[in-house]
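Multiple structures follow.
Two complexes follow with chain A in common, the first pairing it with chain B and the second with chain C.
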Partner chain A sequence: MSLDYVKFSSGFEKFMPKEYRDMVEHGPFGKKVSVSQMGSFKEVLEEHPMCAGCAMTLFIRLAMIAFPNPEDTITVGTAGCGRLAISQAAIPFVYGNYGDQNGVASGLSRGLRLRFGDKPKDVVVMAGDGGTADIGFQQVLHSWFRKERFTTIMLDNEVYGNTGGQESGMTNRGAVLKMAPLGKKFEKMDMLQMAKVAGCAYVATVVPNNPRRVESVIKKAVLIAREVGSTYIQAYTSCNIEYAIPTDKVMEDAKNVENDRYQFSEYITDEAKQFLTERYGYKEFLPKPAAPAPGLPKS
Partner chain B sequence: MSEALEPQQKTNPQGDPITSVSAPKVEAKKDPHADAKQQKVVTPEYMFLEAPRTKEFITGSEAAKEAIRRSNVDLAIAYPITPQSETMQLVGVLYGEGYVKEYYRGEEEVGVMAAIAGGSRAGVRCYTATAGPGTLRGLEGIASWPGHRLPVVAMFTCRVVNAPLAIQPDNIEVSYLLNCGMIVFHAENQQDMYDFTLAGFVISEKNDVTLPVGVCCDGFFVTHARGYVRMQDRGMKLPPREPWRGAVPVLDAENPPARLSRDAPVQKSNFMAYNIHAVWQQEVWAAVERSRKYINQYMGGLLTAENVDDAEAVIIASGSAAAQSREAVRICAEKGIKIGLIKIRSLRPFPTQELRKLCGKAKLIVVPEFNYVGWLAKEVATAIYGFSNAKIIGGPRVYGGQSMPVELIVDEVESGLTGKKSTNVAMSQVMGASAADHEAMGHFMRSI
Partner chain C sequence: MYLVADISVEICAAKSCKLCTQYCPEANTILYSDEMGKDKGFKYGSAYVAVDRCKGCAQCVWVCDNMAKNNAIKMIMIDQLPVAALTDNITYGEKSTTAALVSPVVG
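What follows is the complex of A and B.
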């Protein structure tokens, strides 16, 4: 609910739900906040039932701070750990059926466009690696091929965490997990490449131990999805329970994995670059000024 | 369907064969959406009860198309499957003409039903259609619509679902839809397809209903055959969906309170979670019950009864079996047998009270069906148990694409009245009448 067109009638503020008032008075509704201000404002996601040391929860918090318009954002998810936190956030969340998140988001974003026209109503899918690459695979790929205008975020912990540690398509080859008693026999699925092949306008990998980078890629992905097409972010969000990572080593593990198989990568189409530059004033895609010719005297 | 073709009637008023899906020809000067833009919104009361109608001779798929033309649909999602494909491709033509605002071909039925759920959550009016294996493929999603309280109209053009694969008519899939918590209508003919679809949107979106409506028909018999359909002028349409009217808020981020997880998971292992889910299920089925008054108002009742009052025997049927039964009633009349016909239009909610009242004096009830399991006979027997002493013959039944010769039904009426043993209906499908026949009754009750 945007503050631009919904104002509390004078004298009625106290009748609005407390949580909504908090979001307006102490939270991100109607103003810009940044991850660097964490701890100084009320976040969209505060309470959650996730395990101690859960990197996924940190990532979800960061992502929600990064949403350019949280008061007009709807999240869509499916079964998995992530939705236990996402459903606690102060923005609407669709919890549909198993693996149907990209199908639901297709109908939802089209329906919202019919009703609200150009006024941004951001739809963001957040689902796990199993939800995205296994059970939801078909709907994920088709939504990208159709260039549906919403963002898909994979919370990749490389395992089915919520059901107790089974192998997923995003598990690394050789990993011994439930349902992979002899170790996984095939490679981690290359969803990044598939996203590019399927025509996503923006594809990025990210780990949660770099909050500013998380903020930057989420913002870009959500903005691009408003007009240009599908965007995909794949985030490493370790499961410290199933992979037995000590709580105090979770960030260290994220750093190691970043160096190993989750190096930061960002793919953006020219159309998306132009859109961000012209519509939202991004400067990073402007042509770099030519380096001064050698030999000229320095002034 | 039995009406004779009038010589002056155009037999193909829709123009091209129904398989034609060529995009509307765009003339340089003419706006392809011009006619759609001229449509005027009328109230459902005027549309259903007062507006003058003219008659056309069209297929069931075309009847569905004409209903959608007047239904002010926002989002339609298509996926091909025989015998439904014509319907959704004709809806695609309507999209080209601007009568439907958004339309696409989905990836398959799981994705389609998910996207329909997304569209309905966004607050727009949604329509899709499928058949047989498509229904079962999409059933996880379809069965979740009532719990998510999503107003939608979906059409099911029934066909075989079991192996070996076949595309022929068989309405076994209805039995799967009956327990979803959605409203289920069964169309006998092209006219019903038209009327039930239009009324379905209005009933589906009533505040105290807020449920999906499934309009079933028997594939091919209705979709691919022509019949007379009396329709309102195409220049009128239903009012648009008003999303704020729903029993639950739509997910458009326009509604405080902020922490709005409408689809909150309630899967914790504690009493509150069980209780929340139990109450939610009760509320869904209570909403099904509350739809009765609207079905009476806009469709003229959950069933129709013809010559039932003084009849010693009654045929109870739905869908194409009702059409065949009507002919059986005529043949019986020629033979001097007085027999009535009850056609069930609404399977959910089921016309339990109406049947108890109508069947109180009947001696014989025959329930012909286009499926093996006899879901309607079980519904009827359960509804009238203790309220009627009639012998119930759960048959004849045809399936796998078989047509139903009218003589089969007449045979059951005659043998049922004379006590002669039927060769077409197994003893296990016969219930009641002879109190001594415990064995037969036991068989029947076991199969319920």
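What follows is the complex of A and C.
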């Protein structure tokens, strides 16, 4: 993979759709783009059938802008809403059976290392809360215990959205859904704690109403996974259909949920801090300069 | 007919914060032009909507009203817009885009 895989052979340019030409000529490949430039460059994500106003769509859009090297990235997904958009991007996408995604990504990431040696090829899994915490739970946990070097992103809409509203392990206790009419009887699973216990080098929570933060955590997670170990991001990406959120209130809901149960949190091991600092010039983990000595108390 | 987002150049260009470009769930739907509004004497450009990609969710309206506090975006029936931007008529430059506005219904 490289920028070359999207370029057209000479002479074919005029037959390509405008969107494709724009993507080759004004896309993010081979450049650094950031969320502050959104609206000014052609994104790798194209049109797709996810619902109007879906926060998961926005998150996927932001994630693809945040990938440090989109031309050297492969996404892995599974059944669920997210793959409807993730597959419509100029980034190779591997679709596992439902729940297989972290097993598929383990093999893929190892194979890429054998084939390309030290040249980083990033593998990023994006799957729903059902795919990650229920059906794919065993493969997810084992990939973390094995310290597989790729990023797992949970698109947590707290429901099985694609199949019409069953409760998942990530649904909150008491939530009433179309196919959980009596309300969920158990607590939301603490996947963040499990990720730490299983040895992930970086664990963060985000909501899409803070695009710069989404960008920052995804960059860190992908970079750390290149060498240090597994990384996990849990993103609140509401399902406006199953939770009946009016589409123009989706960001208001994200803000409320952020204040309620999705406050920003970031866990990073010392090894990962050192890696980001030494390899990628991150300054935020450097020791803070000692505070100036306090002046003599006034008498 | 259906609703799409419409950005008032006069109101947007006075603030031009670009927030809505970061919150629309759809890629390359709210774009930004450095040039739009210059002819009306504004220092900065304006955001605008490629209406053929807009799904009508009105999230951008909430963002402009409540976060940018600028009330520049309204939802309008697509056939009530005399002219609008369409993907086919958008040109990407180094740091910004330009759009030739046409009738969104006739194309």
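Note that in this section the second predicted complex is superposed on the first by the 271 of 299 C-alpha atoms of A that agree within 3 Å, B and C clash if a C-alpha of one lies under 4 Å from a C-alpha of the other, contacts with A are read in each partner's own complex, and residues count from 1 in each chain.
Just so it is clear, contacts are C-beta pairs under 8 Å (C-beta built on N, C-alpha and C of every residue); 3 or more make two chains touch, one makes a residue touch a chain.
Note that the coordinates shown come from a computational prediction; the quantities given were computed from them, not determined experimentally.
Engineer: Superposed on chain A, are chain B and chain C clashing or fitting side by side?
Structural biologist: Superposition result for chain B and chain C: fit.
Engineer: Applying the document's definition of touch, where does A:251 land relative to chain B and chain C: first, second, both, or neither?
Structural biologist: In the superposition, A:251 contacts chain C only.
Engineer: Which partner chains sit in contact with A:115 here, chain B, chain C, both or neither? Use first/second/both/neither.
Structural biologist: In the superposition, A:115 touches chain B alone.
Engineer: Compare chain B and chain C by how many residues of chain A each one touches, and report the one with more.
Structural biologist: It is B that touches the greater number of chain A residues.
Engineer: Nearest 10 degrees is fine: what angle do the Cα centroids of chain B and chain C make about that of chain A?
Structural biologist: In the superposed arrangement it comes to 130 degrees.
Engineer: According to the stated criteria, A:19 is in contact with first (chain B), second (chain C), both, or neither; which is it?
Structural biologist: A:19 sits against chain B and chain C alike.
Engineer: Given the touch rule stated above, what does A:74 touch, chain B (first), chain C (second), both, or neither?
Structural biologist: In the superposition, A:74 contacts chain B only.
Engineer: A:38 in the overlay: touching chain B, chain C, both, or neither? Say first, second, both or neither.
Structural biologist: second
Engineer: Have a look at where A:98 lands relative to chain B and chain C in the superposition and call it first, second, both or neither.
Structural biologist: So A:98 only meets chain B here.
Engineer: Once the shared chain is lined up, is A:90 touching chain B (first), chain C (second), both, or neither of them?
Structural biologist: In the superposition, A:90 contacts chain B only.
Engineer: Once the shared chain is lined up, is A:217 touching chain B (first), chain C (second), both, or neither of them?
Structural biologist: Neither chain B nor chain C is touched by A:217.
Engineer: Between chain B and chain C, what is the tightest CA to CA spacing in Å in the combined model?
Structural biologist: Scanning every C-alpha pair, the shortest chain B to chain C distance is 15 Å.
Engineer: Residues on chain A in contact with chain B in one complex and with chain C in the other?
Structural biologist: 19
Engineer: For chain C, which residues are in contact with chain A within the complex?
Structural biologist: It is residues 18, 21-28, 30-32, 47, 53, 55-59, 61-63, 66-67, 87-88, 92-93, 95-97 of chain C that touch chain A.
Engineer: If we count contacts the way the header does, which residues on chain A are in touch with chain C in the complex?
Structural biologist: Touching chain C: residues 18-19, 22, 25-26, 35-43, 45-47, 50, 52-55, 57-58, 61-62, 209, 211, 247-252 of chain A.
Engineer: Help me check something: in the complex, which residues belonging to chain A touch chain B?
Structural biologist: Of all residues in chain A, those touching chain B are 1, 6, 16-17, 19-20, 23, 29, 71-74, 76, 83-84, 87-98, 100-112, 114-116, 121, 138-139, 142, 146.
Engineer: Where on chain B is chain A touching in the complex?
Structural biologist: Touch residues, chain B against chain A: 74-75, 77, 101-102, 104, 106-108, 110-124, 126, 140-141, 144, 148, 243, 251-265.
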